[in-house]
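What follows is a group of structures, each given as structure tokens.
Both of the next two complexes hold chain A, though its partner changes from chain B to chain C.
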Partner chain A sequence: MNQPVASRTKRQIIPVIELTLLVIALILPLFLQDFWVLFTTRVFILGMLALSFDLVWGYAGMMSFGQALFFGMAGYSAALLATKWSITSVFVLLPVGGAVGLVVAFLIAGIIILGKRPPNLVFVALGTLTSSYVVERLARGWSYVGGQNGIPSLPRLTAGSFELTEGPLFYYLALVLLALVYLGLRILTRSQFGLVLAGIRQQENRMAFFGYKVQNYKGFVFCLAGLIAGISGGLYAFHEGYVGPGQLGPVLSTQVVLYALFGGAGTLIGPIVGTGLVDLFSFYLSQIWETGWPIVLGLLLLVIVVFRPTGLIGFLVSDRERVGSFGRPTKAAPPTPDARHEPA
Partner chain B sequence: MEDEIKQRLQSYSRRLFLQRAGLLTGMVALGGGSYIYNPKGTWAADPIKVGIATDLTGPISWGGIPNSNVAKMVIDDINSKGGLLGRPLQMILEDTATNEQLAVTKVRKLVTQDKVDVVFGGITSSMRNAIKDTIVNRGKTLYIYPQLYEGKECTPFLYCTGPTPAQQCDTFIPWLIKNGGKKFYLPSADYVWPHVLNAYARTVIEKNGGEVVGEEYFPVDHNEYSATVNKIMSNKVNVVFNTTIPPGVAAFFKQLYEAGFSKNGGRLACVYYDENALNITPANEIEGLASCLDYFKAVNDPYGNKIQAEYTKLYGTKNPFTAGSAATGMYRGLRLWAVAVTAAKSLKREEVAAALDHAKIADGPGGPSEVVPGRHVKMNMYTAVAKSGKYEIVEKSKGQVMPGECV
Partner chain C sequence: MPLLEAKGITKIYGALTALDKADLMVRDHEFHGLIGPNGSGKTTLLKCVAGAEFPTAGTIAVAGRDITNAMPPERSRAGLSIKFQITSVLPQLSVYDNVLLALQAQDSILGLMLSRSRRALHEKTMDLLARFRLESRRDELAGVLSHGQQQWLEIAMALAREPKLLLLDEPTAGMSPQERRATGELLAPIKQTCSMLIVEHDLDFIKDICDSLTVLDQGQVVASGPILEVQNSARVKEVYLSHA
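On to the complex of A and B.
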């Protein structure tokens, strides 16, 4: 029954990473130059998008290449409200972004997940990829939303009469939202619900035989991920001051997949770390080798994904901790670490 | 002996490796360095920072690479002649990678971290739209956009130094009617530039007694044009005013050629075709193609030849200095800006802009140019016809053509 001490300490690495990152994030603007505050804000917003992908892939085992679709549709809707109806309140635009993401995800889920037959992995991947591609093509050709040129020069978000300028203020807004989403997902994925998701990911048929309505679970998770991607998309549009068809398409969708795989899917914290590192790498690489940097970045990602399928976080965290334990601990559950080391 | 050499080589390479590794870590620690082109020599004053944001990688790199080359060439030249206001120019180059999302971050770096005094760049309209707000409104910095485009960009502190629809149509379309005929067909790629350009072209065609038989839009990578070619042939169209773009354009020109359009006396016209674009299609397929731009090699003016020779000496012929890739617009933009800075004796945005509003240069690729009200540039325009893989100038505009934007 005795667990070696090393493995016990290993099991507590994720909370340490989470707390460290949170503390760093909280004090970072004190040390960063203006540009890096903006850069990190962008990482937080895209990190939220990466979280939404991690939820569908890392927990429910659905390969969604459509996260950018929810992200971009939300961004476009918020941008249209701001430019055509002069609504700039953050209390309207972010919920609208989330709602658009949710509704679009629901529609897509209705077609490809909640059909008569349970969809397989490739079906979901191609279904979301094509949806994303089709909508990008439509946006490029539709002059009301600016066509190829997108919608430039968005006004800033406001809270009452207060303007949310990019910088420390926007940074903390993004951080708070990211932290809330993260916390919510952490509770959800470590609950009984998360256990069902893990079951679906590992062995879908068996979960169905147990009597779980697997497709409903998948549909719910897909919509939730759409909601999160939507909030992130609304925020992103106003932080960058611009939306364009690229924000809807397969390129961004794939980028999000890379963020998550690079950092480590199925860990929540991994995709956020991945977002930060991939963006940082690409930034520096492009400074060092002006025309070859995308190749170097691609190779780097390939190496990680091939040799470390668990992502960077896999270097620090054991498989056991990655998979985690679920639900509320009961009396029958493994004893607490202290109890475990009582003399037998 | 051989072993000794081998050993020395190995130790050299190890040293080299260590040096490189050191350099790399240094760069990472300092936040990048090789992208900053520092002025040569020693200067007493701080440099003026010139931000260049262009597509060095991705589908538009054929335009971005000549743009950055020209910028470097002109900046080196200004520095070798004493800089501006006694200060040297430092060029800070950022790769926008044909990706608007990424570009916003890159341009933000230029504006908020490097605190550049001016930004040049962007090739596509979508790129300009993505980055202009970050530069001009949020970043309070001057922005100069070098590419030919569809017009209607009237943002304050944003200057456009490439040709507009008016400049590309006003002299060109009357020439086409005279040297082709009255019946026009407008096959186009489905994005903003062709839509807006065609709207303008249509008014000029009709004003000059021509008629538009058809106007059609295709996805940019469309490759099956037989129905369109059929319509063109059966309607006895005289002029095909093409705005389809690569990769679709190659298939279209081929199918049009094979149907015998040019052989039967039809005139093919395409206003972005320059020396570089001649590589997209075999010479025989576009024999007689007419284009209208602010510069061709064939203009053969002493100043243009000088730039061309200098450029080729520095960068070779792989990414040539042409008008369609915005290289001429970049050249003109930098020179006009330099004139404005000298006149304003300041780098404050408002003061430079006030001087730039009427800045002019006597020489440039294709001749003199001048900023006119509306923050666009009037310039000479040339109509050229492709003859066995080269252009021949067939008409030169009478003086500089007005851009006709934002007035």
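On to the complex of A and C.
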């Protein structure tokens, strides 16, 4: 379908969604019961994990089935620091979580991404899935990290002498972190770097002939996503007061993939919406049909992924807006006669 | 010293020898045509030069630097740029962004994250679009351009990095006679800045813009030299008559 010349000036839907959700998120604790404040905080933290997946898949075209690995290892590291060394400062534990995610991602990228040639999709998917699975199995069998039981009863995070209790305080902490990560990624994906990612997604092979070393860009994005997953993993452990092997493994990794695909990968806002809706549906469906609810949820996700590959956001946002424009904003040129013609 | 010197290039796929000890030389500011019947190995030779394929034997040097085993990004840095036979513009990006993407390839990751060169490259982007008659379509998606315009866009992208040697694989394939003539006009001024190696079936187009020619048949070089000389070669006439 031919797009009009002035399409860049068309109304943008994503900023409207972003602003609406931000306003709702800011005032929500005023109207919610404690349970729902905790629920929404969890959505924010998992939404950050979903953002890390979106960066890797929606922007750089790498199917990672291992985001939970960075999330869980960061959670375990922060939990060990808190329980073994009594370090509870949020200013130490969250950066440590991020650093662990970054280092683990770098090690994995060194094996599966940073080769002589760019890695293929299946190799990255299997490599990340295997890593996630192996580390989960190791954690289940290692008594130092609590084995099957994980590390329970984590102390509360602190900021100076101040305890960050679960509830509105943790809610706003998670919201601020999510907003900062979101804003950073939004700037990044709309920068010239984002243009390179768009190029890699559409014509990866061609990019090498322009002089781009594609594997370096993919490796960078993979590590950045590891950092974000690590921060969210550290936060999650202290919100739940517990870290366990399930936070490292393929089940959570796959759940994150579904969050992004359901909401709309490659949009940033889609995976956050997806996280909220999938968790909300899961909760209500489990109330209605205690044993069979995953079947209903699975079918719903399948319908969306098959019939709307751009996810729920794809119903509202055009492909043009989703991909975006990266050049210097210019006034739209007046349509020339040839611009109005259909292509030959 | 020649700009491009490929010596004894052999490429074997299983039982098929696509290229058999082929030599190729392109000088500075020279437009060099590469022709031959279908299956003669011209595209394979071009791909070996570009780094899309690696020769089984032989060496390739650009300005004296051996690039035989270099990956495409290194070849790009050595001054090579290619436009493939099948257009590979980025269909979901605007025409403007396609050119910007090619122009910014030398920037560092940090520079790109900070969008440092976006403003500085704007004029260059617009210049290239104007040169290839795409200025008025800059905000449209590249995927909706006509075939001929996509070819021009891709040539503009290939030229964006100011290469020493531009490799073109059938740049006029699928074009109307008018578009073909316009393409010749657009390519002619490039000679002032770079050399060109062009694979093309349209012999009239080759004669119009090239200075020299290499003819391949069954993976071997049949003749190479100035156009007139090659044109009058009995061996070349035999090759083309036998395939007529």
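Criterion: the second predicted complex is superposed on the first by the 316 of 344 C-alpha atoms of A that agree within 3 Å, B and C clash if a C-alpha of one lies under 4 Å from a C-alpha of the other, contacts with A are read in each partner's own complex, and residues count from 1 in each chain.
One rule holds in what follows: contacts are C-beta pairs under 8 Å (C-beta built on N, C-alpha and C of every residue); 3 or more make two chains touch, one makes a residue touch a chain.
Predicted model, so just to flag it, every value in this text is computed and none were measured.
Asks: Counting only touches as set out at the top, which of chain B and chain C does A:242 meet: first, second, both, neither?
Replies: First partner only.
Asks: On the A-aligned overlay, A:293 touches which partner chain: chain B = first, chain C = second, or both, or neither?
Replies: A:293 contacts chain B only, not chain C.
Asks: Go through the superposed model and pick first if A:134 touches only chain B, second if only chain C, both, or neither.
Replies: neither
Asks: A:220 contacts which: chain B (first), chain C (second), both, neither?
Replies: second
Asks: Per the contact definition in the header, classify A:180: touching chain B only (first), chain C only (second), both, or neither.
Replies: neither
Asks: One more residue to check, A:143. First (chain B), second (chain C), both or neither?
Replies: In the superposed model, A:143 contacts chain B only, not chain C.
Asks: Chain A touches which residues of chain C in the complex?
Replies: Residues of chain C touching chain A: 50-52, 71-73, 76-77, 81-82, 84, 88-94, 96-97, 100-102, 104-107, 109, 111-119, 122, 125, 135-141, 144-149, 157, 161.
Asks: Going by the contact rule at the top, pick out the chain A residues touching chain C in the complex.
Replies: 1-3, 5-8, 116-117, 188, 191-193, 195-196, 198-199, 202-203, 205-206, 208-213, 216-217, 220, 319-320, 323, 325-328, 330, 332-336, 338-339, 343-344
Asks: Considering only the defined contacts, which chain A positions touch chain B in the complex?
Replies: Touching chain B: residues 33-36, 38-39, 42, 137, 140-141, 143, 146-150, 152-154, 166, 240-242, 244-247, 251-252, 282-284, 286-288, 290-291, 293-294 of chain A.
Asks: If you look only at chain B, which of its residues touch chain A in the complex?
Replies: Residue list for chain B touching chain A: 24, 27-28, 31-35, 56-58, 61, 65, 93-95, 97, 99-102, 104-106, 108-109, 112-113, 124-126, 129-134, 137-138, 155, 190-192, 195, 217, 219.
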